[in-house]
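Everything below concerns the one structure shown next.
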Amino acid sequence: MQLFNRRSIALGAAALFLSFEAGQALADRTLLNVSYDPTREFYKEFNAAFAADWKARTGETITIDQSHGGSGKQARAVIDGLQADVVTLALAGDVDQIANKTDKLPKDWAAKLPHNAAPYTSTIVFLVRKGNPKDIKDWSDLVKDGVQVITPNPKTSGGARWNYLAAWAYAEKALDGDEAKVKEWVADLYRNVPVLDTGARGSTTTFAQRGIGDVLISWENEAFLVQKEFGADNFDIVVPSLSILAEPPVAVVEGNAKAKGNLDVAEAYLKFLYTPEGQKLAAKNFFRPVDPSAADPADLARFPKVELVAIDKDFGGWSKAQKEFFADGAIFDQIYRPTN
Amino acid sequence: MAMSDRFLPLAHTPERATSETALTRAVLIAIALLFLAAVLFLPLVTVFMEALRKGWGTLFESFSDPDTLAAVRLTLIVAAIAVPFNAIVGLAASWAIAKFEFKGKNLLLTLIDLPFSISPVISGLVFVLLFGAQGWLGPWLVAHDIQIIFAVPGIVLATVLVTFPFVARELIPLMQSQGTSEEEAALMLGASGWYTFLHVTLPNVKWALLYGVLLCNARAMGEFGAVSVVSGHIRGLTNTMPLHIEILYNEYNFVGAFAVASLLACLALLTLLAKSLLEWRFSDELAATARRH
Amino acid sequence: MSVPVRVRNLEKNFGRYPALKGVSLDVEAGELVALLGPSGSGKTTLLRAIAGLEQADGGQVLFGDIDANSLSLRERRIGFVFQQYALFKHMTVFDNIAFGLRARPRSSRPSEAAIKSRVLDLLHLVQLDGLEVRYPAQLSGGQRQRVALARALAIEPRVLLLDEPFGALDARVRKDLRKWLRELHQRTGHTTLFVTHDQDEAFELADRIAILDKGCIEQVGTAAEILEHPATPFIDSFIEGIARREAQARDWTKPHVVASR
């Protein structure tokens, strides 16, 4: 008896103490940025820069909390009530979802900021092991026998859909738009995928940390990050002949920001992305800035020129692509058969 | 013929419950030990080795990261609420089930087991469906400015749900096998219901209760799936230790990830140690209650 | 101190199964009555209903003039000895016997010193001096039985209800305890109702015997009355064994085995 009494008293006291401690953190205004996986390092730096700038301009100390995860999952969380002031996601389609399912975002959110509300862009490249032992130069090399390709599952990962569409665009061009042959080609590609991770980070870890596969289809910024984290002498980046232009959008979740009294700072936060300082940080963190003038030329030199298709122009926008390729029973479900 | 004659007396030796040879036994024991070493010991050692890969300095540095401290604190808070709650409710539920007859008892039994049989992810989603902005109670909660999911209350609720069965499942079979006769004897001797519970029912199950509480605690601190669904993953605010480990790992901060993992492992080992110490300290009483784990 | 127990038309159903179908029975103050009947006849149910552990569906139990329903379990002051003893496993013999005294509300609780002397007295009464530090698991069956009785006696009961007190013991120990219980009853004089399915035990111990079958009392009377005038064919066949042994005993030695009081 004694034992239980003392134990529960101790636990209760600990809970009280700890919750008091936790309560202390809520002083100044706090902004919540709900983002997707590959932006962690960028926003870590950007948030510090913005907080300093805001402090200098207004004298107010601002804290920015970050939440990262798969883009679609994050959008879902905001729909379900995650109190994001701003979202910085991978796909316009995910922001559209929030606008459609809640009244927290205006439907014309993309028109609120320059460049379709995408302050930086990225593209899809290949990451191969040092010296490129399988001699991978372009998409056509990925369907060869004995090449293991690492890419996440397009059903669950936003990044994986970009990979898929880039591959599709290449095949369409190479096979003169013969849909049956294109399907066959993409199916061949996915036959070479030994592990379909659920997210882009998972695939990166599979390839870089666990050493599985010959080539990782990856965000450009993610590929550079791997080189930085694991050493440039372990991996090479290969730029294919054709890739896709990704425009990760940003938006103020007006409903939440208004309710929290954060609308002014949330808008300023996103506008800061377009300033020379914001653009420079994007380039430093391997995102292609929409206004390269302020960026460090050395950072810009890392981005090779590549022929890019665009989701709106070449695939008729996200919702069409989603229906055609990734919905249940759509083309991806038809061509993908797990190998083991 | 001669062989079987020779072995006959052995099979009749009273101490021997089975007829396996010494070799078979040694092989079985060796397999069990090897298996334990491979699936328990090796991973544990790996965790600590990875954490120490860059030396003690880096290890301590990872612990001074405010986000890591926040994750540790949140985990402790959640466990400090969920475990006592589940201990009390689990005890009450087991008591009701084992000692009383009432309508809907089987339903209650099934419900208690439910969190074990459904995926933790579903357990988390239940709360999203209930308390999410699009959920049943969502509009009401929004109108009253109450945040449940993507905040500490949601994490506590998800943890409570997932860890609920541990205490009850330990207690129910024991209480059922003990029956109600001791309680009836106490009542006939003039004891009140509460006195009977404290002095007869509880002491009879205290080891099982403690065991259930320890298991519940271990799971409460280690739960990933359900908590992940309702957390919102806000750094420094709604990340528990397991979630924080995943984040650190995904940020290529392997030392940090394994540092937190080793802390979690240490907490688990401490739990085990506490249990063994108590068993050793109270071994007399333990033998007297005739229940050994 | 002892009170008579009067059972009036007691009924008890388990679901649709009638376990007691209007049982009436009087046990006078200080009397020792044996409740005899085949397995499943409702003996335990009757005892539990009198104790208040089972809620009756009809009829009445009176302690003296007081309706049992108006009394809490504590106020009934019944010493109940269970078939399987139901000793508290995690307590020493001493704590088991002291339980009923310690469980009293503070105002009527004796001092620890008083409790101690009472427990030691009771241990002496049941001939278990020196065993107070043992746990139930460290006792023999007969010793446990006596601890259970001492524990029941500790609360100074007005009525003793014993459910097959010797059921789990071997024949020799039963015989010894039977004699011992008889003497104990003579000394303490509690109103006692005890259940047994052993006819010899009932006929040897009890002042009167009540025979139960299928939830009905078939006959109540002294050993001699029942043996000489069995009320129904059921009793006739039920006591057949006893009657034959009685007859043999009378033939050989002539002393009156049953009513040797």
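All chains are identified by letter, namely A, B and C, in their written order; residue positions are counted from 1 within each chain.
Convention: a residue touches a chain if its C-beta (ideal position, glycine included) is under 8 Å from a C-beta of that chain, and two chains touch if they have at least 3 such contacts.
These figures come from a predicted structure and were not determined experimentally.
If you draw each protein chain as a dot and join the dots that touch, you get a simple line with two loose ends. Centrality by C-alpha centroid: the chain sitting nearest the overall protein C-alpha mean is B.
Summed over C-beta pairs in contact, the chain pair with the top total is A-B.
The geometric centre of chain A is 80 Å away from that of chain C, both derived from CA atoms. Once the centre of each chain is set as its mean CA position, chain A and chain B turn out to be 36 Å apart. The centroid of the Cα atoms in chain B and the matching centroid in chain C are 46 Å apart. In chain B, the residues touching two or more other chains are 203.
Taken residue by residue, chain C touches two or more other chains at no position, since every residue touches fewer. Chain A meets chain B in the complex at residues 1, 3-4, 8, 11-12, 14-15, 18-19, 21-22, 32, 37, 40-41, 65-69, 77, 79-83, 101-102, 201, 205, 209, 225, 229-230. Within the complex, the chain C residues that touch chain B are 51, 53, 73-74, 77-80, 82, 84, 86-90, 99-100, 103-104, 135, 137, 151-152, 154-155. Contact residues of chain B toward chain A in the complex are 73-74, 76-77, 80-81, 83-84, 128, 131-135, 138, 142, 147, 149-150, 152, 198, 202-203, 206, 209-210, 232-237, 247, 249-252, 254, 278.
Contacts from chain B toward chain C in the complex involve residues 181-182, 184-192, 195-196, 199-200, 203-204, 285, 288-290.
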